[in-house]
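The next part holds the structures, each set out as structure tokens.
Both of the next two complexes hold subunit A, though its partner changes from subunit B to subunit C.
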Partner chain A sequence: MHDRSDKPRLAVWKFASCDGCQLSLLDCEPELLALGEAIEIAYFPEAATRPIRGHYDLSLVEGSISTPRDAERIRAVRRRSAHLVTLGACATAGGIQALRNFADLREFMAAVYAHPAYIHTLATSSAIADHVPVDFELRGCPVNKRQLLEVISAFLAARRPAIPAHSVCLECKSRGLPCVLVAHARACLGPVTQAGCGAICPACHRGCYGCFGPQETPNTASLTRALAALGLERRELLRLYRSFNANAEAFRAESERHGE
Partner chain B sequence: MSLPPHSAQLLTSEGLDQLLRALRRGGYRAVGPTVREGVIAYEDIDCVEDLPRGWTDEQSGGHYRLRRRDDDALFGYAVGPHSWKQFLHPPRQRLWRTRGGGDAVQIEREPPDGPPLALIGVRACELKAVAIQDTVLLGGAYGDPHYRARRADTFILAVNCTVAGGTCFCVSMDCGPNVATGFDLALTELAAAGPPAFVLQSATPAGRKVLEEISHRPATESEIAAARARVQHSAQHMGRQMPAQNLPQLLLRNLEHPRWSEVADRCLACGNCTMVCPTCFCTSVEDSSDLRGQQTSRTRRWDSCFTIDFTYLHGGSVRQSTRARYRQWLTHKLATWHQQFGSSGCVGCGRCITWCPVGIDITEEVSAIRASDPG
Partner chain C sequence: MANRTIRVEQLTRVEGEGAVKLEIRDGRIHSAQLRIFEPPRFFEALLRGRAYTEAPDITARICGICPVAYQMSAVHAMENALGIEVSGPVRDLRRLLYCGEWIESHALHITMLHAPDFLGFDSGIDMARSHADAVRRGLALKQAGNEIIALLGGREIHPVTVRVGGFYRVPRKRQLAVLAERLKWAREAALETVRWTAGFEFPACDRDYRFVALRHPAEYPFNEGRIVSSDGLDIPSAEFEAHIDETQVKRSTALHAQLRAAGPYLTGPLARYSLNFARLSPVAQAAALSAGLGRRCTNPFRSIVVRAVEVLHACDEALRIIARYEEPDEPACAIEPRAAMGIAATEAPRGLLYHRYRLEADGTILEARIVPPTAQNQAAIEEDLRRFSEEFLTLSPERLRRRCEQLVRNHDPCISCATHFLRLELTGP
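This part shows the complex of A and B:
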């Protein structure tokens, strides 16, 4: 066993997010013991107010960039990290909070805050990769626990993570699930969404919501034609593409085709 | 055509129930059609009551619905989303594991899994698909030992199709609707207002042996004639056709046909067609290691020619565009499969048509190319 100083140092950083992806890490309970043996964990759930010290072999970053201060902070994290992996839809696409990118932020602020002048925020919520180079992006809202452990294990073994970028349909069919789109005429984003969740929603007789963002070659236009033929209207199509991964390029472009 | 022979027997629905129970007593895991969440799936079954009594299916491009029949038929539907490869060539197969590190590393082979399989209700196109996978996975110098072990012990109860599905075209591919070889026992369901009855033929010692445990009687000439007529009727009512003449030549001289771009416009590159196709066999291997680096394993999983990674070589993917990937899939099925394995890779089951979310139809694609073939 390595002594403490030999172990790779892992840090977890939080930006604009709901903490769900960090919870996935905590949810790795049985594996956390082994994780603690293999790496030294420096955990910064709410580190926004403290200065950043030290160097890290692997930084896991949760959350999007939505304030000027965070835009600075992510640069500091990058400088101090040998490898930087983003976790989840917020960090890889801007998250649900990127809905602001499609609207006028000042209107929102005026509606919510008594003194909007005190709010220091950016007009958009954006992905970490829009600000600094990222070594690997782990998708999902939230990330899948098994995939998270795979990325950390792969990093420790210096191998490529086995995280496929193909559609959810491959996972859905590998589980032998009946297709909700073909057999029940339910809207499903599975064909244009990246696998990783294990097809949770089709397993519960619902269509995929696109939590893992666009698959490697998403043909949203063709899927939209099929969904429109099932009776989905403009507004429903817009909402379908505009959720957790609203700002991911393929979904953003498709939702804008059905915009106001 | 191999239709029920004059030596055929008659089996009642009770007899079929006895047969399923006898197989299970004999140590088989019986899997067969059953209704699950709005489709006819292949799952573990215990007895006749688990079969889709009185159900049929409505199928077309990207469309599948269960419908009630006006009788109690047990096999009155076509194939559904599952195929037998789910069991014989499963979606995930661990190949080996290692323990320990350095000089002490030990490699453990994956042991054979579970009891032998009894496949219940295998259709003619599916028998052909199993034979094709036998060629692919067992032919040549390096057979797959996991597949070989499963196949060696598999019992097959086949069923002649008495209804053709909306996307079936086995007649065009010369693969059905009647079974020819590759089964232990075969049933043809007779039309009846009352309880189902079957004309039964046996083809192997294993099939005859299990017959000793169940009640049946010789079928009458008129029962045999009725069974034959029902199969012939389904042969004349195929939902689709795909004239097979010179298919490989036709496709291979049209590799730059504009139709490939048109279909790529619709194709989602979702891979559903390859997942449901009973002959598609492609896999990738994934290595995994645990956090301590003490255990590793290699797992083979279904993959698809519609993914980018599938043709990833140093420097990038060979087939970047969906056009290239769809063309690869279709021309492999219908043309280059002949060169590689000595038969077509398509048995005309229609699954890729039904389960394509946007209803892309292999028979339509071929006829569009044929219609404008400069020759």
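This part shows the complex of A and C:
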């Protein structure tokens, strides 16, 4: 049942999330079986019935920390893991559920549950790196599966993953897409958002909504001026910066400039 | 033997975090609980104050396995509020996108999550060593579903083209023609999958389920229809909350849904199939009957065959839609926001998905209510555990644990939508 081989041992862990990032691994359909040959998929509850056992060479972590139990659990995962990589906007920035960080948690609970007292949750949803050291953060809501395979391959080859930190704008330019902001006057977070999706929203004639989070050196103030010139109002700017990566530092700070 | 508690602390091969607890007294099941401890994410609260245009993108993040379902219920509910009805090629494209999600989600569950139960493996990847052809076929089928979503939606998970009123961009006719070639292969693969799963061994476990699903006059239901039940309920989606109660129980971060007059019910493939057999495509009907399914299916273990039949239907339906597709003049219709209430239910792969929104005049969301299929199915899954696990009490603890997990997996619960992993503990009285 278990490989006792020398293959590196991979684990996939879930915290508060939609499962979409770990599903990206199962979405690598042609590569999945080859991956199963190169590494031992030692713990991946969504895909396999197998107990937690021993240490893992590479842990992929999906989801954010939003409950007292999960804040404990992530420390146990870190102790078992030689390398820990976070997958996606929840694990690297707290995800859409981090909108609670800007609201009153009790009021949030009462809006959904008749008996909030049964629910054990933290006032914030936070990134994995806020709790334990992280070796690499892969962005996206969800992650791009090519980038996910690159991260695993880089780990196997003991090199740094080749994941660009520049903006979505460069992806539009390399695809030859007309700028949706300049040419079509549509609100677009592309100039301040990290590349990796392949500029799929501009390719579909809509503005980027920032699901890969802030790029390395985002000039949000400059983009905000351009968006205001398009006629975006305070509330629209707030919503734009405050979505799937609301708690990522650059987006959080910019959104607070337009806050209530 | 007399009194004991069996715990499956972490369900595996399901989406989300859940557990099972069985209490046995005097050799009989005293209680069965499906516990859901997935961390709550408060979507209904965080949607308030957002623009109506954001609902499809935000609610997609409830579930990475069925984001299209959330996008579809969201856009239909908003269109219901704003007095828009989408028709023609845009309506067809939405059905095509939904076909992609059913194929992708069902192929994943059949091959990687459920089949290992019947063939005695811990995972689809382990199963591939001795059932390589079936696993490759299942993964390729899943990929075909994903190709539909990626072509129409820009990417497989959390597609970006769906908007209230239509799409941001629609595909070209010639792009769909290329997809059709893949889908012709997929239809054959789906037929093979029906035959393959029909050959598994199924325990003789039938139940008098109360089925609830959408029913459309002419179509097997995806986006539209009235909500009907096997005992005569027949209501428009707008009356859902008048007939169904959601209650909170201490063991679960998902709310339990029940029919007000009649109690627990089941939604999902078994319900959809049993209430809509005549609306399946002829090839899917024929395949179902040759696979030994009746026009109704009340054995939850056979849900794997029903899912395969639905994959076959979805491939067939996708090909029909592609054959008649003409590019629309506009990808979306113009919209004026207004203060209104909007309601819609669509058929997610796992069953009925209900959305209700209240909007203010500028289209800001004032209130949101979402009832996912797994929340509706919790009581029926617990009832399965109560009824059927008794027959398995003489099994070894390990095999009993596997049976309990399988009883849950039969219904492909999406715990992220409503829970994740199983560990079994046997404790003395």
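Quick note on the criterion: the second predicted complex is superposed on the first by the 245 of 260 C-alpha atoms of A that agree within 3 Å, B and C clash if a C-alpha of one lies under 4 Å from a C-alpha of the other, contacts with A are read in each partner's own complex, and residues count from 1 in each chain.
Note that a contact is a pair of C-beta atoms (placed from the backbone, for glycine too) under 8 Å apart; a residue touches a chain by one contact, two chains touch by 3 or more.
Predicted model only: the values in this text are computed from it and were never measured.
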Clash-or-fit label for the pair subunit B, subunit C on subunit A: fit
Touching partner for A:G95 - first (subunit B), second (subunit C), both, neither: second
Which superposed partner A:R78 touches (first subunit B, second subunit C, both, neither): neither
Partner chain in contact with A:P142 - subunit B first, subunit C second, else both or neither: second
Subunit A-centred angle between subunit C and subunit B, computed on Cα centres after superposition, in steps of 10 °: 110
Contacts of A:C169 with subunit B and subunit C, given as first, second, both or neither: first
Which superposed partner A:S66 touches (first subunit B, second subunit C, both, neither): second
Larger contact residue set on subunit A - subunit B or subunit C: C
Subunit B versus subunit C as contact partner of A:C179, first or second or both or neither: first
Which superposed partner A:K7 touches (first subunit B, second subunit C, both, neither): neither
Shortest span in Å between Cα atoms of subunit B and of subunit C, once chain A is used as the common reference: 11
Subunit C-contacting residues of subunit A that also contact subunit B: 205
In the complex, subunit A residues that touch subunit C: 1, 14-24, 26-27, 29-30, 32-33, 36, 41, 44-51, 63, 66-67, 69-70, 95-97, 99-100, 103, 107-109, 111-115, 118-119, 121, 125, 141-142, 144-145, 197, 200-201, 203-206, 209, 211, 236, 239, 243-244
Touching residues (chain side subunit C, partner subunit A) in the complex: 10-17, 37-46, 48, 50-51, 54, 57-58, 61-65, 67, 108, 112-113, 116, 122-126, 128, 135-136, 139-140, 142-143, 146, 154-158, 160-161, 163, 168-169, 247-248, 250, 253, 255, 402, 405, 416, 420-423
Touching residues on subunit B, where the partner in the complex is subunit A: 36-39, 41, 62-65, 81-82, 86, 91-92, 265-272, 275-276, 286-293, 301-304, 306-309, 322, 354-355, 357-359
Subunit A - residues contacting subunit B, complex: 31, 34-35, 37-38, 149-150, 152-154, 156-157, 159, 162, 164-167, 169-170, 173-176, 178-179, 181-184, 188, 190-192, 205, 215-217, 219, 222-223, 225-226
